[in-house]
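By written order: A, B and C. Residues from 1 in each chain.
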Amino acid sequence: MQIPLALQFVNLLASMLLLIVFAMLAQRRILSLINLFAWQGALLALSTFVVAYTTAQHHLYYSAALTLLLKVIVLPWLLHRLIRKLNIRWDVETLLNIPTTMLAGIALVIFSFNLAAPISQMSQGITRGLIGIALASVLLSLLMMLTRRKAVTQVVAFLSLENGLFFAATSATQGMPLVVELGIALDVLVATFIFGIFFFQIRETFDSLDITHMEKLKDD
Amino acid sequence: MNNPHLILAVLFQLTQLLLVVLAAPMLTGWVNQCQAWLQNRSGAGLLQPYRVLNKLFHKDAVIADNASWLFRITPYIVFACMWLAAAIIPILAVDLPFSQAADVIALVGVFALARMFIALAAMDIGTSFGSMGARREMLVSFLAEPALLMVFFTASMISHSTQLPGIVEALAHHQFVLYPSLAFAGLAFVIVLLAENARIPVDNPSTHLELTMIHEAMILEYSARHLALIEWASSLKLFAYISIGIALFLPYGIAEMGNWAGLPAAIVLLVGKLALAGAALALLETVSAKMRIFRAPEFLGTAFLLAVLGLLIHFLLGA
Amino acid sequence: MIDLQLMALLGIPLLGGMLLALFGARPWAAELNSLMSGCTFIASVVLTLRVIDAGPQTAFNEQFFIDQFNVFLVALTAFVAFTTSLFSRPYMRIEQHHGKLSTSMLHLYYSMYQLFTFTMLVALTTNNMGIIWVAMEAATLTTVLLVSLYRTPASLEAAWKYFILCGVGIALALFGTILLYFAAERVLGEGGTALLWTHLNQVKGQLEPTVLKLAFVFLLVGYGTKIGLVPLHSWLPDAHAEGPTPVSAVLSGLLLNVALCAVMRSKVLVDGSLGTHFAGNLMMGFGLLSVVVAALFLSRQKDIKRMFAYSSIEHMGLITFAFGMGGPVATFAAMLHMTMHSLTKSAIFYAVGHAVQKCGTQQMEHIRGLMQVSPTVGWGLALGTFAILGMPPFGVFASEFLIITTAMHEYPWTTPILLAALGIAFAAVFGKVQPMVFGETTVKPLPHPPALIPVFLHLVLVLILGLYMPPYLANWYRQAAALLG
């Protein structure tokens, strides 16, 4: 089965998206993590653009522009500003055992591909498997949230999770209704602002952005 | 296959064998020359490896008193293995008679055989450097080999064949298709190539610093013609790896069976690709720093991860 | 006409949020807050009467959809939001007197309170499955800063947990929504209508079952995090215990219902597509687990708000279980229980709020003799506890009784589990509340008179509904139950 070149390109972008999530999973430095996040956004915008071009859906151009604006420019800029203000620009996070995390990641990818296999078989050609990749990047971002111990990196993981979802929304289903996409984008933006507020509150209270300090509330 | 065809094929095969064994040191020289240029040095020239080989062949070999026969035959075996590997890989043309004999898995086995002998020989003398080098070499290859196999599997899945000619045939003669899985496999292959050929960032071929060396530590006891053979084998190995890379990821323009007219074009294209690949390798080595040996497993783990991801993506996307 | 009424319902809280964002620091902000909530309540009553008269209808180019099921939740939400705003007026003032809150914090609280009401009403009335998601996420965003309003380490931790867990949960729900769209697009075509619930409902038989199955799992896990279903509940006790009490009351009494409403909307579609009891079974499993785990955790609590938060998990589990069983009786009972739980639990939180203010601690071992401190608070807490534990004259008894008899009929093996869990919960809560209400105390009565009209208003309603259900109300519930199948 021969699929058009543009959609092959979307497939390639999807794979690169997955690769970036893996890179984020293994990235120790906060600064590089944010840059990776910006790259992820750029890939997302590009793939949305290609899908918009091939399916001739005009509202997807807006989505692509929105993604470019929000996830490649505004959010990374906000995060950069934030880590400069919080003076954690060069922070390095100690990660637990990267190979184990990677193996867990591979297991998650297999799991989500398996889950998505019946879906990709029934959809006609063009977006085969993209749901699986989107699901895999969502689950990998979840794994990243679990393994991270710093507030900022958890937030980057959260945003990357959102990116995976956005990829599913724009590429795999070829665009949700614009009003929904706008709503999602607004929520993400507001969430980032609130996260920013939180960082300052947390640091003021705990003198650190390490969330290991925040494990007091437990049922004993 | 009728007789004239067979003769033609054998002729092709012999041309390739001769060409490879003669051209391999030149490729090493080219990589070194590029590196020199990138580092603002004038460099020793393309022919320097030949001069070194010439010099070594004219020297008298010194062998440790306690060296066994294993130590003596290893250079020949290693050289033979690498030459055989170069014979299997479709470098100039697709339908070579030798390449029917072994598929990609056997190719990995040939490399492993050479490695086993060289590691045994390194331990044979009983010096601490030899053992250390052998141990490190094994650590690296133990991680690189599965990744390499995964890369081959991905390519095999796409082309439905484990024979290198079959893979190349399938990839070169289809209409252009973007294979995300091959892109992953390609990245993984580059990492494996760096590790297996003792290049930066895993190893540094031009240093004898005891803390860092891997490959050089193993061949420290060799001299003269033995050393020359091993060096030549290393060049052949690099040539073979780069050729595999070209065959898997850039096969376009390879000559078809019996197409004498296509041969010159294929040679010119091949030289161009090799030159490009060598320059890229030099660039890669220049911009990256040698990593600590303890980080090597992580680096190679990345290769494995990439290769597995490529395979998985092939299953999911079918591309 | 319906457009106008809906615009009033949604516009008033939005306007209120904007006004309070401007004037939230003024001394009369609390009154403005109550006024706006009161107007919202009136708008909801008008809308409800209309829907009861005229049946389900859509508004604003089909973007909104009101039927008997969600209009009942709209009325409930607007009512509890109104009474909570009445309660919070004196409550927050006292907190300010105690120096726990500054004017700027109150400013934030009032404007966010209105916006929160707005997001919940949007989530309830929208016809678009995507907008439900957006509104649910917005509901999290508006409340997360309220949970950390006190800026104590514990409240920050609770808010962070709430934010992260609900953010992740709701993200999974988005994935479910995307899958739903993915399936719908093939039937309804691309464009705006493929996420509209009314359209989906018409073609639910043609939706691809494999996709919907997967979509429902994600939707249930996602919105289930918001409902507080075990094992996704861990944010809930923290957020309830550390946030201001009015916020606990609206979280427990309203937000959980809204999330459940979203799940029910999806369940209708999935049932129609699959034709099996898959969705119901999943909900029953989660519900049963929540009831049992929450009951076991109840006895180990030391913090009073935390204990009632676990009680909320237990009751939401019970409601989810009842919805999962399906059928007219169980769905009827579930909706009744939803109403009763919202009214009772918010009443309890009001009483608890005043009790905590009087004793200066949330630790139950230090709260003693509320009857001596303030008989109204004491009776409020005692009666509220009786009600929530399902003692006979109150409405909770009726709904729990209905749920359990239906379970006995349809799934007999669940009955002993449910009864045991309810028994454990009863023993745990009663044993802890009794010494708090009665018993001796050294605390002197405080000068602030408690505002307990909302408490008794809710309890009286619960009592009346327990003793006598007006036929039109029963009819209304029955119609809504029929819609959900």
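We adopt the following convention: a contact is a pair of C-beta atoms (placed from the backbone, for glycine too) under 8 Å apart; a residue touches a chain by one contact, two chains touch by 3 or more.
What you are looking at is a predicted structure, and each value in this text was computed from that prediction instead of being measured.
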Both chain B and chain C are touched by which chains?
-> A
Compared with chain C, which chain's mean CA position is the farthest off?
-> B
Determine which of the two chain pairs, A-B or A-C, is joined by the larger number of C-beta pairs in contact.
-> A-C
Per-chain Cα centre nearest the global Cα centre, belonging to chain | A
Chain-centre distance (mean CA atoms) for chain B and chain C, in whole Å, is 66
Chain centres from averaged Cα atoms put chain A and chain B apart, in whole Å, by 38
Whole-Å separation of chain centres (CA-atom averages), chain A against chain C | 31
So, in the complex, the side of chain B touching chain A is made of residues 175-178, 180-181, 183-184, 297-298, 301-302, 305-306, 308-309, 312-313, 315-319
Note: in the complex, chain C contacts chain A through residues 128, 130-131, 133-134, 137-138, 141, 144-145, 148, 151-154, 156-161, 163-164, 167-168, 171-172, 174-175, 178-179, 181-182, 185, 190-192, 194-195, 208, 210-211, 214, 237-238, 241-242, 297, 300-301
State the interface residues of chain A toward chain C in the complex, per the touch definition above.
-> 57, 115, 118-119, 122-123, 131, 134-135, 138, 142, 145, 151, 154, 158, 161-162, 165, 168-169, 172-177, 179-180, 183-184, 186-187, 190-191, 194-195, 197-198, 201-202, 205-206, 211, 213-217, 219-220
Going by the contact rule at the top, pick out the chain A residues touching chain B in the complex.
-> 1-3, 5, 8-9, 11-12, 14-16, 18-19, 22, 26, 98-99, 102, 105-106, 109-110, 113, 116-117, 120, 128-129, 132-133
